[in-house]
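In the part that follows, the structures are each spelled out as structure tokens.
Both of the next two complexes hold chain A, though its partner changes from chain B to chain C.
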Partner chain A sequence: MAREKSAMNRRQFLKQSAAFGLGSLMAPAFARQVYAASKDRVAVLHSVSADSLNPYAHSASPTYGIWQHILEPLVEVDYAKKEFYGVLAESWEFQGKKWVFRLKKGIRFHNGAAFTSKDVIFSINRMKTDKASLQRSNFRDVVEMQAPDDHTVIIATKTPSAVFLDRLHNRFMISKAAADKYGDQMDQHAIGTGPYRFVSWQRDGNLVLTRNDDYWGPKPEIKEVVYRKVGEEAGRVAGLLAGQGDVINNVPVDEIPRLESHPRVRVEKVAGLRMYFLAMNCTLKPFDNKLVRQAVNYCIDPQAIIKYIYDGNGYMVDGPVPSHVIGYDPNLKRYPNDPKKARELLAKAGFSNGVEVKLYFSPDRYPKAREICQVIADQLLKGGIKTEPVSQEFVIFWGKDGVNGGKLPFYYVGRPFVDTDTFYDQYFHSGVTKRIGYSNAEFDRLMKEQQSTGDQKKRVALLQEAGRIVMEDAPFVPLYNLAEVYGVARNVIWKARPDEKILVWDMKIRS
Partner chain B sequence: MARMRYLKIWVGGAILLLLLVCGLVAPFLAPYDPQEQRLEHRLQPPSRGIQGSDPHWLGTDNLGRDILSRIIYGSRISLLVGATTVVLAGFMGCFLGALAGYFGDLTDEVISKISEIFLAFPFLLLAIALMAFLGQGLLNLILALMLTRWVQYCRVVRGEVLSLKERDFVVAARALGGRDFYILFRHVVPNTLASVTVIATFAMAIVIIAEASLSFLGLGVPPSIPTWGSMLSEGRSYMYRAPWLTIFPGIAIFVTVFGINLLGDGLRDILDPKLRGQR
Partner chain C sequence: MLRRRFIGAIPVLLGISLLVFFLMHIAPGDPISLLLGDDATEAEIQRTRHEWGLDQPILVQYWEFLSHAVRGDFGKSLKFGEPVTKLVFERLPATCELALSSLLVAILISIPIGVYSAIKHDSLLDHAGMGLALVGVSLPNFWLGIMLIYFLGGQFNLFPVAGRIEYGIQLETITRLYLVDSLITGNFPAFWSAVQHLFMPAITLGTSLAAIVTRITRSSILEVMRQDYITTARAKGLSERAVIWRHILRNAMITIITILGLQLGALLNGAVITETVFSFPGIGDLLIQAISVRDYKLAQGLIFFFAMMYFAVNLLVDLLYMLVDPRIKL
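== the complex of A and B ==
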């Protein structure tokens, strides 16, 4: 009997294959309809996608942007005001070694369950313990979490952590009720509180979302969203021009004129959060000498790179950090471009015949890295520093024999950040990473102090003081932030955000 | 028929010779330093000098470097890598192939199996893997290409040696008391040279393209050395705006490979024993 059931007879087989065949013939016709921007549907051709349905198995800004349609964080950043505002959190309080969060009331998950403090604790615990989680380190200081009532969460940290809101940025909340119901299958259902519900997902294919009509906040205009992964730049541009997608990200600057002259699309630009810089490892020769590091700073002219290589689509960093971040100091200026001064410093450091160095970079990871490093080599040469650019595969560049093992003396790299602490902590705070081998007791003291200071004004002042030290010691050369460039169908009204997120609920369709 | 044959050799040889001269006297031929960047003059089209500026016969690239000068200097890398690889791979392949063919048995078994392993990988894929592992550099590039090219020589020489070693002159040499290595490298191997020459010329064309491909992928020599492949790669993103960045290095690669293939074709017509009978 059982065998009879599982077997497929000829008639069934013919019927099903006819259906498949017909379906595949009709698919292109459907595809045309799918990709036309309307209030019913917007298609985003994206350079990345959700690589799995595990909401914590990644830590990349554009991917956060995709997930944020389904799941929501406690807090989000207002980039214009440079401060945090609550999404699922109503308010919060910093009490020394404790953070107290009050949650908004009346919010429900897509499965109907109410959002409570238990869900917050469950989510953070999963981020901390899930083996696939890449967001674990944000909670390394958390020692205890309590839920005194349904709408209050108390999070205790080992030491006072004033920067905890930054760690909570992009940490999304999932449903404990869904976990109880589906167990280890819960990710397949992707249940959150967000303005969109999960419909379907294929690896390296489409992620389809539909509007959550019971959303607690303002209702988005667009009903259905398709995120489609198109890794190749040229593929995304072609897709947009052919009308297969309505929004694309990471448009190469060389394609901007072509998109701008097209009748159906426009270009959307905004200064990105990723700051590019040259890192010098202070434990490796010749960069163990402060004078050499300062000389390198005097050689570099980021304006020339922005003007000629990026066609003006970049913004020079005029101090240690860009002007749009928390902790910026308007009174602290970068080293001026002065190759003569560089030569003097080199002579003082005992390199009167010049010095030879290698500049490591990974092509394709950062736009135009190969060209940039050749221009930088030319600028350094004018100051008496003979530089050979060395190109490496990203896995090698970033691996234990590269940046993260602290083995590269001199390299070109970029780091997105909103709060100066994120950058300083990762690169310059002793013992946090090996990336740059910098250590300064006074700097460390200031970093520790600002990390436990609740008063934002005082914290900024401490960061500015730390900035002066790191500027004098010069373990890096700040360069620029690049424009995030998007191609957008003309009937889509949308303003790009600096954080690489494409949020469809911000979009309107011009009718 | 015969004239046609020599025509191929003449044209191919002339192109190769021209290239050789280019590479040798590059510093005198090139109008500019190939590395000199003048960003304010970037992406100039080919011209005899726009509004009193300096002439750039083939235009300037994305960093304002003279393309003609870079192509002239680039010929050095192509030829150097091509010739060195072909010679080194030739020595290695011939030596191992001769041993395998002459001694047979276990020697043959081991060498043949190793060469089959190398043959099992697609040639360029193996070269890419080796370069990713070894890192950038001229020596590494030559090493990687040599390790991927020796097999062809090895197979051909082994086959030839197998048939040659049964021939009367070899038997005679052995009867006279010649030692194995003496017979092998004095009497047998020189008789394989005709085929080896033909393989070498074709291999050189392949290696030049492989070098360009690896440089195109950013796996060849460091960016500080101009090569045709890296010029193509860097010019790629300017295809719409400044097509001369890719057209001229492309032509250089095409002409070179065409010339060498012609030469190889001509040589084969003369040297190939099978074609010899058709005269």
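== the complex of A and C ==
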């Protein structure tokens, strides 16, 4: 009797069984775990990472934020109160050419060593002398340091430096005992006094931290922190939406609606510290003429840029500096938007037929710079200034043939600052940089005086006076501060800071 | 013969060193201002430029570079503050792993489609296969990468969007090739995590290669199929399966292997973009970072290294070719 032909032969049966077996083996592995942020772990998908374990080989705010989990500074800024408060320092006193810091007692490093004045001197010395340090310029005026006892440090400066606290925040303290023990290898151990201990790090990979249960201050709620570098915007957004991370930074404004409508995540925004402005080099034509610079000021309407390019995610600067910084003057207002007045000033300056200029910008550094400069060109045209936007790679734009070489007549740039002194000193104080070629003896005198004035009220008044001069001379057009936009898992309670730092110890988990 | 190849490589490498050094230095841009960032003051820029020897005449800098490079010392990276060779060797295994996985992806996709298209040529499936190959070769790999991140990463959460291994997974590194290390140490979670992290980058990088190899496979099989010995094989009464496997494929393989080997060099090129899109810490990603901040020493070291890899791969392919076809001599 002929055997009935089976619907499936042996070979097919084996193939299908193998495929089924393999599939069932793989399936659970493919369904990736979705991490809801928990008290056990928060993962930050970050646009940058620590390039090395040298704590001083960088000078960028987001990177300071990463390091600040492990290492701590003497002082930090209270952005709401516009003043400094002590972290490792208990108190301080400005005594002309000397700063005296009294340190908090009972603080220990992760290796158990007590934190003393010797660690402060060791750390500052390393920031000053380490060839790889990018934080040296903050201590260029420091001539001597003394430790009269374990909890007092005296720092002497060449000239009185009232703005030293501003130079000192973000300068982190490392352990001298660890340096003595590990020598060249000390950075591999990353020992600090901070609320988190260093666990592991891969360059451009993951940085893992674990809670320091012996921390001297309030204990963080979250046990483990992972910073993972995801350079690509699309990658960060996708990672957050998929639950592969709990917090992401630098969310493009176009992605805000998508994130806001997602059940797992929310958007967190705050006015950033970086003030954007148009700089005009006073040594280059036609900006050597004050009337032309003022005319440019009259042409610009930052509100239009904020509204149409940033979907409202920006905050116009109403004077020379934003209202949240030290040195702000509520009585000093920006130039109104008045293209007619601009034309009059141009005619007075001898450009009755208008003037042609180039506006330089760097699209790889500042968000939407290309679109903004197009709008600015359009606004300037209404005032009789024909503008050609010129795009440059940031390494060229910022270099010796660009901004820092004093070669660009007119450019779009941003600068983060907490104290007006930082901005005025670098852009308008004669001889500090070549960026803008501005020089005014009275302005320089006021700057020098405020830099050596210990009385904060008097110092602010001097900065305000300097502000009036620089507004009249108009070497720049203040624009706006943009929102720092973060994507955050909904169960993370956290308020973003204006300084681009993501500090996990500030986070709580909604249970 | 091999000695002649090596001696011949010396002027090539010297030429590359000249080209790389001068092109990097001619390109506008100032690494020092960038390094110092917002706080760069004029005095600090001058001081740092001097410390890194960038204020020296260009020929002095070239001599400095060359005299150290011949000893395998490419100096210290400006951005990372570490020796260039250390950075390269730290990242090289990741790139090798990515390149080899992409090669595997390319083989798995292209050989079956190529063979099938050739055997059933002019059929609907053949046209579909070739259409697919055309699409594959035309897709820019950064775009494909971003699409994979968006859909497979973000929407379906099947694969991680960046990196090489999941956080929290401990892996003892021996060769720094994560797949190999995890297998040696029997660490299955690490192996699986590494596979998942490699999947999207390898597909991205492997797709364009697969497209090329599919077309080559199809045409070389078609050529072999027209040979007399295939007709003979069929006349002998061999089964079609035996004809395809033993006679057609084996003979067509010579061309395919050569193309695959030569394309390994192109994979290194592609790795530059793919690694950047996936934040995959290999030497391609490192090169992009080095060039964008004009980290001269790191970029020079890396490009020089790429050149040597090209040389090595080409030599390897020639040797392999000699093995496959004894009529060829170096």
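One rule holds for everything that comes next: the second predicted complex is superposed on the first by the 475 of 511 C-alpha atoms of A that agree within 3 Å, B and C clash if a C-alpha of one lies under 4 Å from a C-alpha of the other, contacts with A are read in each partner's own complex, and residues count from 1 in each chain.
Here is the rule we use: a residue touches a chain if its C-beta (ideal position, glycine included) is under 8 Å from a C-beta of that chain, and two chains touch if they have at least 3 such contacts.
Here the structure is a predicted model, which is why all the values come from computation and not from measurement.
Asker: If you count the residues of chain A that each partner touches, which comes out higher, chain B or chain C?
Answerer: On the superposition, C touches more of the residues of chain A.
Asker: Identify the partner contact of A:Asp254: answer first if only chain B is touched, second if only chain C is, both if each is, neither if none is.
Answerer: A:Asp254 sits against chain B, while chain C stays out of touch.
Asker: If you stack the two complexes on chain A, which partner ends up touching A:Thr433: first (chain B), second (chain C), both, or neither?
Answerer: In the superposed model, A:Thr433 contacts chain C only, not chain B.
Asker: For A:Val208, select first, second, both or neither according to whether it touches chain B, chain C, the two together, or no partner.
Answerer: Only chain C; A:Val208 stays clear of chain B.
Asker: So, A:Glu371: does it touch chain B (first), chain C (second), both, or neither?
Answerer: A:Glu371: touches chain B, not chain C.
Asker: Mind working out whether A:Glu393 is in touch with chain B, chain C, both or neither, as first, second, both or neither?
Answerer: After superposition on chain A, A:Glu393 lies in contact with both partners, chain B and chain C.
Asker: Is A:Asp51 touching the first partner chain B, the second partner chain C, both, or neither of them?
Answerer: A:Asp51 sits against chain C, while chain B stays out of touch.
Asker: Under the stated touch criterion, which partner chain does A:Ala347 make contact with: chain B (first), chain C (second), both, or neither?
Answerer: After superposition on chain A, A:Ala347 lies in contact with neither partner.
Asker: When the two structures are overlaid on chain A, which partner does A:Leu332 contact: first (chain B), second (chain C), both, or neither?
Answerer: neither
Asker: Can you list the residues of chain A that meet both chain B and chain C?
Answerer: 364, 393, 396
Asker: What does chain C use to touch chain A in their complex?
Answerer: 28-45, 51, 79-82, 87, 90, 146, 149-150, 153-165, 167-168, 192, 196, 276-279, 281, 285-286, 292-294
Asker: Give every residue of chain B touching chain A within the complex, in rising order.
Answerer: Interface residues on chain B, with respect to chain A: 35, 37, 39-40, 42, 62-64, 132, 135-136, 218, 222-224, 234, 237-238, 240-241.
Asker: Which part of chain A faces chain B closely enough to touch in the complex?
Answerer: Listed in rising order, the residues are 252, 254-255, 257-258, 304, 307-309, 363-364, 368, 370-371, 373-375, 377-378, 388-393, 396.
Asker: What does chain A use to touch chain C in their complex?
Answerer: 29-30, 32, 34, 41, 43, 45, 51-52, 54, 57, 59-60, 131-132, 134, 136-138, 140, 202-206, 208, 226, 228-232, 234-239, 241-244, 364, 393-396, 398-405, 415-416, 426, 431-434
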